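Listed after this line are the structures, all set down as structure tokens.
Common to both upcoming complexes is chain A, partnered first by chain B, then by chain C.
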Partner chain A sequence: MSEKKSTSTAAVKKESLPAFEQTTAIEIHDLVVKYGSKRAVDGLTFKVPTGAIFGFLGPNGSGKTTTIKTLLGFRQPDGGSARVFGYDVASQSLQVRAHVGFVSETNSLYDFLTIPQLCAFCRSISLEWNQRVVDRYIGLFGLPAREKVGNLSKGMKSQLALSLALGSNPDLLILDEPTAGLDPLARHEFLNTLVSEVAAEGKTIFFSSHILSEVEAVSDWVAIIRKGKLVLCDELDHLKQTQKVVKLTYTELPPATEIEMLNSLPGVMSLAQEGRSVRLVAHGDVDALTQTIQARPYALRGVETVDLNLEDLFLEYMKEKNDGR
Partner chain B sequence: MVVKELIEARWKAIICGLLALILVVVSAATYDLLKPALSNTSSQQMPQFLQQQVQQLTSSYNLYVWGNWFSKNGTEILAVLAAVLGAGLIAGEVSKGTIFLLLGKPISRERTLLTKYAVSALILLAVAMLSSMALLVTAAIAGHPQQIGGVVISTLLLCLGELFVLGLALLFSVLFKDVLRPLLCALIITILTAIPGFIPNWSAWSLTGYWSSQAAYLGQEFPTKALIICLVVAVLPLILALTLFRRQAY
Partner chain C sequence: MPNWLDVNPRSGVPIYVQLVEQIKHALEVGVLQTGEQLPTVRQLASELTIAPNTIVKAYDELAKLGLIESRQGVGTIVVAELDGTLRKQQQEALFQRLQVLVRDASHLGISAEVLNDHFVAAIAQFYQQQLASQLRQEYEQRS
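What follows is the complex of A and B.
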């Protein structure tokens, strides 16, 4: 069932959010979504704080779109629960959608309509509509205001889709791969507007992507999923503080027993050796880890601690050996 | 939403509407010209039961017009229009990816589906009414004025019958993700429901037989049974489509 009967026969009234729900925009608990016997989302649990720009990462087929579809009521969960501003996505889908603006992965709009006709259509199926906001974003993106949608480029359609999603004054904006297929300039414009305009209004933005550089540029929270399971969910700044690369250079080739010992140290996520150089990816108290290593009876020429970027982190967490961490 | 549906369906409606108008006008205007030719043909190489049918239908202007429009061309062209409209209602949105724009908004799936269905039903009704008006006008000009009551009742029956095709196409449109399969399924099932009409003593099982009541057109009886059957049969696929659409995952 997409919606409970009690809420499905008519449009709901958009209610102001209860105080409690003003701190958590999305709360997913042990969510399971299946396609036949395959678990596309497998016990997913995380929260999205209100006001965050939340990057939802994962490789293709990891369950990002399925999670988003479940949040919006396009699919029903097979287990667990998900709430958006306190509303259950399975039984209160209309209330959820009353507070959410959504831009889909395909950015599909009605090509046979003109922009004003499309605006009128969206207004007719929204509880609240602010045409001035839509016009403002259309102007900001420099879209031809009276053009037929079919004549717009892919980048323009993405910008129009975002403008329309903002027309209903949503508290939460869910974007599924919003910049997929856009050229770097269009991507930059899109993301720039997202941060400088939309997030500045205090709206929560939840967006999936596999373009790590764009997520790193705009997000303040990230979650990484793999094969439907949560691998990581943290504030990006905290993540960068606690996840580092430690580069060790030994004066002599370290023995295999020492390498094994290093790999087993608490906080070491992965290790790579190249001759006398060893590269550790570590999380947690990295200073304590380097002190432990320096106290070992093998002469070190140098110890260097380097920040990880999101791409390094992502690749690290995607490694098969770390499955289930 | 209604405007968007109308804009989306406009070319289908215009093309089928024009075709329907041409056919109905030709049917109503050519009786006097074609009657001698049809009478000669009927006496030549036709099977006996067909000869009887042709003779009956050409025996009077009213029967000729009813047989040509309400029993044949009107049923067929409106069935095609209903199938074309219904097949694209949901499957068209899914195949183009616009279903997410639609379902991402805070309106219920029932309202979405019923609005789409209602707009298509109105288009069918408009085409059927325009055709019937054209029939009345052309018949009057040709010197064979028709009973308005019979035309209205026959148009109503025809519309109810076509709502079955629309509902059927909508049902398959919910089930399939492309437009072609719902269209074909709806048309094939519609053709199958017409087959009993060609089998002696089976005509009561022909659904299309109820869409075109000769007695009602000629003002001989009020087609209560046909109306009830057409109404029930029109509603059934719609209810099924609603139930399925409510549960469908996208």
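What follows is the complex of A and C.
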């Protein structure tokens, strides 16, 4: 198929991005989205920097999909705002969609169409279309070019959905649980193409997932939400460098006042004591913290600082929130 | 991919730190030498399935240390072996680790004499192994 610009008559032309919005791809501010009286998204605030591979994490039912639907204009915010490249998702959803490609968990591709027919359909509803790009990805994934969509495996359908989402040359790719239900090999291939092709071209990738290990490997930014609220949002490297567990072993049982003192030290997020052992979850300058603790008048037999991986961090934060309720 | 790179995304150590350390180590032991080319960001992203930005960050860090340089049309190349100051820093860090080890040993009730014996034994073992593999190589070259 030759490369053709779409002849779509949509009212909005895709414009190049305004210069002032080049560093922030998504900006969500105090967003509220309700289902009846239930707040699926409850005062959510965070930013996604341009060029990031941003992993959007949370337990089932935490509001990930609702947030994504709102970003795409499928849901109206009940409060707060969300902007994509500076465009308001509620009032400028056409401009938003001109810059966004979307791959969902339950890709409702039309089973009765062949791949070329589906490409033609997508082209007809897009402001911009580059069939060469789509064909390149279809080739990369080794998809059977003339097959009916209904005959493709689940993994192939995800790969096709990604190929099609890239056809409109989006600056931002939003993926809702893109690897759900894929076998490990298909998942690896999908993620590999995402990082080595899509991200390497400088596109911003925002993807939700509950598979921590895949997020940990491919993303450089993460946000965790729970019950519609933000738990944390940070650069993954920074997160790993500033969040640690410190294990203290005292020579003698430390008095309760000392434990209270430890708990009140800046950077101590939580504390658990079992006899002479104290386990701290620390944040920030952990070296300075351990030095402060070692300078206290209670003799320590051991001080151990443990790095946390994303799964550890996720569990620590979930614990934290549970304790607070 | 260079087989001396072995990144573990599931570690608590940031991936870019792992990359920086491993590339530094490769320079130190001479696996990587001046003028040699590093994989492109895209190649490495593809090989390791990690975010390109993470690799850029690691390369930036190494460039800041004056160890590598990105050149238009050529790629990223090694411009310097680990210089004296960096090596000295690493040596100092190692001696500090040694002190920690001695302190830990004393906490565990290991006497200075026993620790010294083990230290001497470890040195002997390492250098014997090196000697053995050197002899083996020479033998293989001859035959």
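Operating definition for what follows: the second predicted complex is superposed on the first by the 290 of 325 C-alpha atoms of A that agree within 3 Å, B and C clash if a C-alpha of one lies under 4 Å from a C-alpha of the other, contacts with A are read in each partner's own complex, and residues count from 1 in each chain.
The rule is simple: a contact is a pair of C-beta atoms (placed from the backbone, for glycine too) under 8 Å apart; a residue touches a chain by one contact, two chains touch by 3 or more.
Remember, predicted model here, so these are calculated numbers, not experimental data.
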First, second, both or neither for A:241, with chain B first and chain C second: second
If touched residues of chain A are counted for chain B and for chain C, the larger one: B
Partner chain in contact with A:100 - chain B first, chain C second, else both or neither: first
First, second, both or neither for A:140, with chain B first and chain C second: neither
Partner chain(s) touched by A:211 [first = chain B, second = chain C, both, neither]: neither
Touched partner set for A:75, first chain B, second chain C, both or neither: first
Partner chain in contact with A:109 - chain B first, chain C second, else both or neither: first
First, second, both or neither for A:312, with chain B first and chain C second: second
Partner chain(s) touched by A:121 [first = chain B, second = chain C, both, neither]: first
Chain A positions touched by chain B in one structure and by chain C in the second: none
Complex contacts: residues of chain B adjacent to chain A: 1-4, 7-8, 96-98, 100-112, 246-250
Complex contact set, residues of chain A against chain B: 1-3, 7-12, 14, 69, 72-76, 94-95, 97-98, 100, 102, 104, 106, 108-110, 112-113, 117, 120-122, 124-127, 161, 168
Contact set on chain C toward chain A in their complex: 9-17, 41-42, 45-46, 49-54, 57, 107
Touching residues on chain A, where the partner in the complex is chain C: 51-53, 188, 191-192, 195-196, 199-200, 213, 216-220, 236-237, 240-241, 244, 301-302, 306-312
